[in-house]
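Structure, as structure tokens:
Chain lettering (A, B, C and D) follows the sequence in which the chains are written, and residue indices restart at 1 in each chain.
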């Protein structure tokens, strides 16, 4: 029974769907949260810290939406400010210092669109993360847990291996946003979603992600199925990546993103024609 | 579609143009700044549109507002008068692209001849004599000496970014040249922050003589003889006359031909004036071409009987010239005095204000082009010329006498004017003999100041 | 002291090297000064320029009470009361308008410029007819206080 | 005197009506279309040709009009020194978005280049550089796979050739029609800049009007020297989205060049007329012959 894209969107945003904190509680032992970007304030839309995964110390970066209303407000609905990205990078550099692999969990509707965010350089915060994450000489595994909201997700989404939950979505903008631009009517989100190719299956086919984490009935009904599958995947991939020497690790990570893009390149002779 | 003409100017020339257009049965639209709300040209035009604040940059020089006034009132032609936008190639191109007729030459012609050095090279190209000089800046004394030897003393060493008579030295020999060169460079740096110098032939006691020309789109060209405008103060003309007391028939024909050659070279359409310097030995040198109707055009009109402004409008609407060169004759002598609201004895300080009353002179051969009337207030934002008094008589002496009588009876109450100053000039022997040069006013003014202080 | 005597004093004063003279006699007080130039220049020019914006240029706009807000045309062009010939006029007299609401269009060189109400209030009068030429800063409409009505 | 003339005109007007048969009315002159552009900031009508000469700057309010990449190139580099690179790269339609090809053709027609990014090598007062210019007249300068690829190749070329790199950004962000592929170009371009940076090479990013979204949140914000062109709109999220999110009006001057300067996001604000001079000055400073000890 293959679900329509719109159904997956609704599951990805399901109020009962497990959030990052649930994944951390389930898979990470001795977790200690570390806060603040040392520049401005702590941004709770991103939870950062260190803990153990199968007894190996890892650095965790996780976008947290919160479940209860109070939690949602406390975590700003998972929409990070620039200081959230600064904190993430600080902790990732620290992971590199102590040669710890990094696990980054993505679940955000997008980077926070606010006056303070613009004042503190939201664009540059994301850009700098994109550049610097390519330079971290430790394995980085990205898990797309729920909503992969455009630049806000990608800002902590550069890694060696990207796995995505079956009922998660990862897109350039929300189906509602897309519908309001293309159809001038945001209520046509369902139509947009089915056209935008934002499900895990689409992204696997496009080579953007490496693995889909099967959820069984869904993270909101039987979370353990998804969690176990995730645990197995992470165990396999961390073992593989930790054995790899640093230069190959970085070269492969660069090449993974270097090869993304569908375009045509007309040969030189054709150029003359167009150059009339 | 019925023709309608927008007059993009103010003061006496606007009144002059509106009258000419009305005589041709063409409706006129005037534009005015807030300060000119009560001026005569606004009253006599068929319609008037305010185009901006008092200072001209925000009114008469605002191309968009002038053009928009023409477009929205349905004017299919614009007459720029003189000054303001008359020689602005950008404005002319805008008018042309809106398919509105510009009463004047094309934007290319203006761009081509408007730039002084380009005009000079064009003149050289058509072997019209120009003032010899170093083309471009002279770096060293040796280079300067070579140029001076080539063009022959006396020469002028001039600051290239200079003006207003400073940063210039006149030398008559190599030795004078050597010690003047570095001194002028320093003076140039001091005054204009730029020591670059160039060398130019110095014309001894030059006279400023200009030739009036007019051409139509069919390629007919005529010249309407010369005007002598040597009476200037800091290159502001004060008195003009025609014919020039120094020109003979041969020189007049040669200068006329030279002017027409230039006009044809750039297929110049409409009225224009080619300016020359004439030295004591009656050699003439091209200086520049003015691509507009001039303030002093009435002098030519009085001796040829041609209404130049009407002719401009007819040519702009595509008609051919209504006369050939052979139909034009100079008859009698005409003199024009510019009447300004200024105080000659207070360094020609402008004196705007309200005109309580005015008496205009009259009689045979006396013409007053003006925009003032009793109760009119002269705004302080524009140039200080308030009228032009033109007389015409069979001979120069009779014209001078007629000017004296006319000046005497020209009374303006409420502001200061230069009427009496002009009156004294009419009695000056050097002026009466007619052999004055562009330095005349300077010398004359010293006399007046001395006699006033005793 | 007779007029002639005063004239004589003035003549003597003129030919003397004195620059100022103050004379007080029984019935007359005379103050003569050769320094009159600066004052005269001062007097002559000063009132003409310094006074309220060009006294002699009376305000040619129609008499409008001061408390009304005037909407001036920022451009020279053609006034249109509606966005297109078929459309309904933006406003009519008596309409209530909000700050920034479009009240008319001025067309210049085929560029349509929407003119907006500078304040909130009621349209008291529209002083220009449709398609009429408007000059710079010409008053187009007046807006009164909304609260009165 | 003032109104005497008016009364005279009125009386004669009445008489003229009896003489003249028909009343003459004058209609406004119908001037050709497109002669005048409207200045977005002050609404003045500007004569297009003058604008070209004046480098597309409004003479009344100094507003910097948007420029095509070709005009910008002509204005910035030495005459005839520009040699294009990777011109053959053009967009496809991986998600099969309806109407995408049409938009691409309109973009090509408007900008006269075949993608929203013009790049190659050139010289500024003799100094050789790698240069790229986003063209906001081509689909709002939006970044899809083709633009991302060209930007990345330009960066890699300038890294291998050891050239200083200058990129002029003018973009509404990532190109929606290519979905996730557009999004990933942000990472790809930023990654390429990491290597350029590691080779200790100079990258000057010039943010022109507008620079927002995915382009701002990637290569445009990673310049060693960040220049904002005067009167440019620069930011991450669109003003509309922010207003909807925070339900408040935005402060004056929000996301302008001065906003970015006062919040420490750009080094310099440069007027378009001084841009070439400033770039030359910066390039000279980085050509550094060691100071003789």
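FYI, a contact is a pair of C-beta atoms (placed from the backbone, for glycine too) under 8 Å apart; a residue touches a chain by one contact, two chains touch by 3 or more.
It should be emphasised that the depicted structure is a prediction, and the values quoted were computed from it without experimental measurement.
Undergrad: Mind having a look at which chain is the central one, using mean CA positions?
TA: Nearest to the common C-alpha centre lies chain D.
Undergrad: What is the distance in Å between the mean C-alpha positions of subunit B and subunit D?
TA: Their C-alpha centroids are separated by 45 Å.
Undergrad: Between subunit A and subunit C, what's the gap in Å when you average each chain's C-alpha atoms?
TA: Roughly 66 Å separates the two chain centres.
Undergrad: Measure off the straight-line distance from the CA centroid of subunit A to the CA centroid of subunit B, and report it in whole Å.
TA: It comes to 77 Å between the two C-alpha centres.
Undergrad: Specify, in ascending order, the residues of subunit C that touch 2 or more different other chains.
TA: In subunit C, residues 75, 78, 108-109 touch at least two other chains, as defined above.
Undergrad: Two or more other chains in contact with one residue: find those residues in subunit A.
TA: Residues of subunit A touching two or more partner chains: there are none.
Undergrad: Two-or-more-chain contact residues of subunit B, please, as numbers and ranges.
TA: Where subunit B meets two or more other chains at a single residue, that happens at 38, 64, 68, 71-73, 98.
Undergrad: All pairs of touching chains, please: list them by chain label.
TA: A-D, B-C, B-D, C-D
Undergrad: Would you pull the subunit A residues touching subunit D in the complex into a rising list?
TA: For this pair, the touching residues of subunit A are 111-115, 117-124, 126-128, 130-132, 134-135, 150-151, 154-155, 157-158, 170-173, 178, 181-182, 195-198, 202-203, 206, 208, 254, 257-258, 260-268, 270-271, 274-275.
Undergrad: Show which residues of subunit B lie in contact with subunit D when the two form their complex.
TA: Of all residues in subunit B, those touching subunit D are 2, 4, 27, 38, 43-44, 63-64, 68, 70-76, 90, 93-94, 97-100, 373-376.
Undergrad: Quick check on the complex: what are the subunit D residues that touch subunit A?
TA: Interface residues on subunit D, with respect to subunit A: 87-92, 94-95, 97, 114, 144-146, 148-149, 152, 174, 176, 178-188, 190-195, 197, 213-214, 216-222, 235-238, 241-242, 245-246, 248, 250-251, 254-255, 259, 263-265.
Undergrad: Where on subunit B is subunit C touching in the complex?
TA: 34-35, 37-38, 47-54, 59, 64-65, 67-69, 71-73, 98, 346, 349, 351-354, 377, 379-380, 416
Undergrad: Within the complex, which stretch of subunit D touches subunit C?
TA: 28, 31, 33, 35-38, 43, 45
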